[in-house]
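What follows is chain A paired twice: with chain B in the first complex and chain C in the second.
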Partner chain A sequence: MALQTKIAQILFGVIDELNELRPTHEHLKKDLETPLSGDSGRLDSAGLINLIVVTEQKLAAELGRPIVLTDDRTLSQVDQVFHTLGTLADYIHLRLNEDNDE
Partner chain B sequence: MEIKTFTVADLKAALELEDFWLAQTLPITKHRALSYSRNPRAEENDPVLLVAYQEKRVIGYLGILPDNIFVNDNIYKLGWLTSWWVDPSYATAGVGAILLFTALNEYNQYVGVSGSSREARKALDASQKFMALKPLQGLDIRLRLKITRIILRKFPAMRIFRGIFKIIEALLDEIVNLRSFFWQRKTNRSQQLSFEYIATIDEETDRFIKRYNQLDLTRKEKSDLSWIMNNPWVLSAPLKDSASKKYYFSSRADRFLYLGVKVFQHQNEMIGFFLLKVRDDRMGVVYSYFESRHAASVTAAIFHHALIMDVATLSLFDGQLISGISELGCPCWSVKRRSRGFSLSKAFADVPLSNYRLHGGDGDLAFY
Partner chain C sequence: MMNKQLCTCVLVSDFNLQNFSGYLANDPEFPVIKPVSAPFGQPIATLLNRELPCWQNTPDFAVIWTRPHSVVSAFEALLNYETVSLKNILQQVDDYCALLVNLGERVKYALIPSWVLPSYRNLFGMLDMQTEIGLTNTIMRMNLRLAENLEKATNIYVLNTHDWIAQAGAQAFSPKLWYLAKIPFDNEVFKAAVRDIKAALGGMLGYARKLVIVDLDDTLWGGIVGDAGWENLVLGGHHHIGEAYADFQRALKSIKNRGILLAIVSKNEEQVALQAIRNHPEMVLKLNDFAGWRINWQDKAQNIIDLMTEMNLGLQSAVFIDDNPAERARVKESLPEVLVPDWPEDPLLYPATLFGLRCFEMLSLSREDRDRTTMYLTENKRQEFKKTVSSLEEWLTRLNIQVQIEELRLANLQRAAQLLNKTNQMNLSTRRMSEAELMAWAEQEHCRLWTLRASDKFGDAGLTGIVSLEIHDQSAQIVDFILSCRVMGRKIEETMIATATHHAQTLGIKNVYARYIPTPKNRPCLEFFKNLSPQFRQEGDCFVREEEQAFPVPEHIELVGS
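And now, the complex of A and B:
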């Protein structure tokens, strides 16, 4: 399975976990276009924090490689990284590739 | 969005910058900034304020109070999170998350939280980075009913009956005074005591405190307590000033003061010291030091001060003082249990924290 597809599946698993804590009418769609933060975002501070933490945990568990999403580099571009599920997937992909190159 | 980290040195510089204080939303008040900059446990390069800007406009901020925790022979530096605010119109912009994670990064994940709003608690829990300490159990002791204020707050239209309420309140106060008079005669404890009031910690008090603070988690000393007493975050003022209208957290009260009280018996034997905080009609004991055998006398002294200073509620968060209240049978209208939660980040997970004493003023609680 291509890495990009694997990352998307992991993120859909994260969405499943987040939705368990949200009322039905606030459920997030398992779609790479789903907005996360920003003007059309659906996550408040606690929601975004939860997303970040659960994503880190699932990436470590399913890829066996820890990715830190709370470092200064990520925090300095939260608007772009967490704009949609797709932008987050792209960012994780980028970070994993960088780690491979090192 | 841009996050600016203000260190102690930056904040000192900001105090001199006129533009900083002209902002539509203030991330801090001047007296709070002064207090942060004088914190004896803060280094010049310690981050103490994180501000989120969107096109130069303040859209969120988080204060950090550098402190030390003492466990066995080890000292751990940490930052207590305080005054965490996000502009509601940016609620989904990730501002709160950036502020929290930046604070954790700035303090190498060594962070604490004392008390918190429901929203903040939700965000902190979501981060899975904090562990709760055993909460401080306390009491709110209702000494005076202050019914006029309570009724008018709930039913402003009843203002026309204000005079009648005041008369009833005066009668109820007389009942309190009578009960207190007989209580003081019966216990006779506070009459055998003498007091010395201090606005800053003196050498005698410093020596006394050191005898009783060895198991305190934050082990406050002369410089720390003097700093708290002389650098309040809330000022006594009759009206809201322009700064308090631009700052989300409270910065003024009708009455706000700290009072250090040294307690003596037999004229010159010091048996206790407590630091009182009075905010409007509420008195709290933020720090107290005494030997167990003098707990009842120190409790009587505190209670005596609460009566004399005409507060409606006395809050206590020390187990021995709480026992003293029941032992002495202090007269009051009602007693309500309260608790204060403290959390530390999981970086402290391996530190043995169970046998340490917390005070009612630890974290940032001495300041509110």
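And now, the complex of A and C:
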């Protein structure tokens, strides 16, 4: 399975977990276009923190590749990285490929 | 009074409970909870200020979840490895408990998760269990003191946080969530907490299960007794699977000792199965551990219905355990009220699966609980005796029934509250109240509440009835009319009516009425009032009696100490 597809699947699993914390009418869609942060985003600050922590946990567990999403590099471009589920997937893909290059 | 579908819960903490609140609010299991968050990070100020909006309108319950050093400052000093006397720490625990005890007046129930330390706070492991030095030693003592102090409060319960930590595993403490959001625990801890709290609420609302029905072959023992013979069953001995079956039986026996009834529904030849139970030397459970059984080749769902009818229990009281997925599916589909847990294929997992069921919660343990199986076995003798007499009247007369009537007082409060909160069938209004609420209600000048203990020549059934009366201007309302299913149909019901009407009569009140509040389970109470003789007149949902004379006590009942 392509890494990009695997990352998307992991993020959909993250959405499942986040939805357990949210009332049904506020559930996030498992769709790469789903807005997360920023003006059109569906997550408040606590939601964003949960997204970050659960994503890190699932990436480590399912890919065996720890990735830190609370570093300055990520947080300095938080609105871009967490704009949608798709932008987050792209960013994770980029970071994992960087690790491969090193 | 807590008998509604939606329970309000005040959350008080020194840390961010937003995730816990989310799980609590969105968990679909009954009862649905509406969390109300107290001001963030101010547990002591919140406990002290009863005028805060979160305490208004008598919330159903509160969860007060703190980290130990936030409410016991002396412990914070110990965390910094300063020298602190244990006495000083425990004094501060006492002070904190005094605040918690006051909560009992503000909410119906308060749940206090015990204190835990992050597992990574174990730098000096060899000193950790030493008195006055070790952090874990001190936390254990603090939790014990917390539990001992709060035991005296009738509606405050300490919950075991360590169990939630263990369920969450190595990730239970989350430094990441702490530094980002002031949440000390991983979400798995909160999920485990919600499961336990929901189970506790189920117990408070009278939805705890009372009976475990087990299959025999490959459930209580390994093998098919009809094929292999009882001598060749896998049970006990020096065999890992045999040991697991024996341990499963021990687990069942242990919950029986807490008042949960056991019964058998099995497809077998009855005599063959009973012979195995009587003769197998490794059987932990004996025949007198079972309150009843249906061992035949009939449909198990029908057998369960028959058994529950015989035992006067509603289907919602039962758990059905069977190794066979087809039998489980059949019972689950035809009797949705019966809890049919998914059961592992591996017998080694049976004991842990039983202990993992969260459906037996009870607020207290009474003598009636400990003796319940004996009482059901005695009931079987009573029914056998019934077959030897010619009429119901003769049977009732020869039972030599005595009823002792007492007003509500501290000595019978715990059992009375338990009966109030657990009884579903013969229950007029299905009020659910804590001990404190019940006593406060009964102490009002215009209210009276009596408890009834029933015994006969076969034994003492214990405190099994409650009737209460609320006096209005020229009328008296029977508010609670509750009788344990174990003693229904012996005209103790009529004795309860007599008790209430007698009191009304002494006050010169002729008009006595009972308002029936229907639930899915209390139809037996409606049938009783409809068929009562001398009659009560039915007016809508009320049953009314307007007589100068009190309702007669049935002739076969001897009143003791009324």
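One rule holds for everything that comes next: the second predicted complex is superposed on the first by the 102 of 102 C-alpha atoms of A that agree within 3 Å, B and C clash if a C-alpha of one lies under 4 Å from a C-alpha of the other, contacts with A are read in each partner's own complex, and residues count from 1 in each chain.
The rule is simple: a residue touches a chain if its C-beta (ideal position, glycine included) is under 8 Å from a C-beta of that chain, and two chains touch if they have at least 3 such contacts.
Fair warning: this is a prediction, and the values are worked out from it, not measured in the lab.
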Should chain B and chain C be called a clash or a fit once both complexes are overlaid on chain A?
clash
I'd like to know which partner A:I52 touches here: chain B for first, chain C for second, both or neither.
both
Which chain, chain B or chain C, ends up touching more residues of chain A in the combined arrangement?
B
Touch test for A:E20: chain B only (first), chain C only (second), both, or neither?
second
Which superposed partner A:G41 touches (first chain B, second chain C, both, neither):
first
A:T5 in the overlay: touching chain B, chain C, both, or neither? Say first, second, both or neither.
neither
Once the structures are superposed on A, label A:N97 by its partner contacts, choosing first (chain B), second (chain C), both or neither.
neither
Which of the two partners, first being chain B and second being chain C, lies in contact with A:T70: first, second, both, or neither?
both
Chain B clash site on chain C (candidates 39-47, 201-209, 345-353 or 543-551):
39-47
Overlap of the chain B and chain C footprints on chain A, residue-wise?
45-46, 49-50, 52-53, 70
What part of chain A is in contact with chain C in the complex they form?
17, 20-24, 45-46, 49-50, 52-54, 56-57, 70
List the residues on chain A that touch chain B in their complex, please.
37-39, 41-50, 52-53, 70-72, 75-76, 78-79, 82
Chain A partner contacts - residues on chain B that touch it in the complex
1, 3, 86, 91-98, 100-102, 104-105, 119, 122-123, 125-129
Listed in rising order, the residues of chain C that touch chain A in the complex are 16, 18-19, 22-23, 25-26, 171, 174, 176-177, 180-181, 187, 191
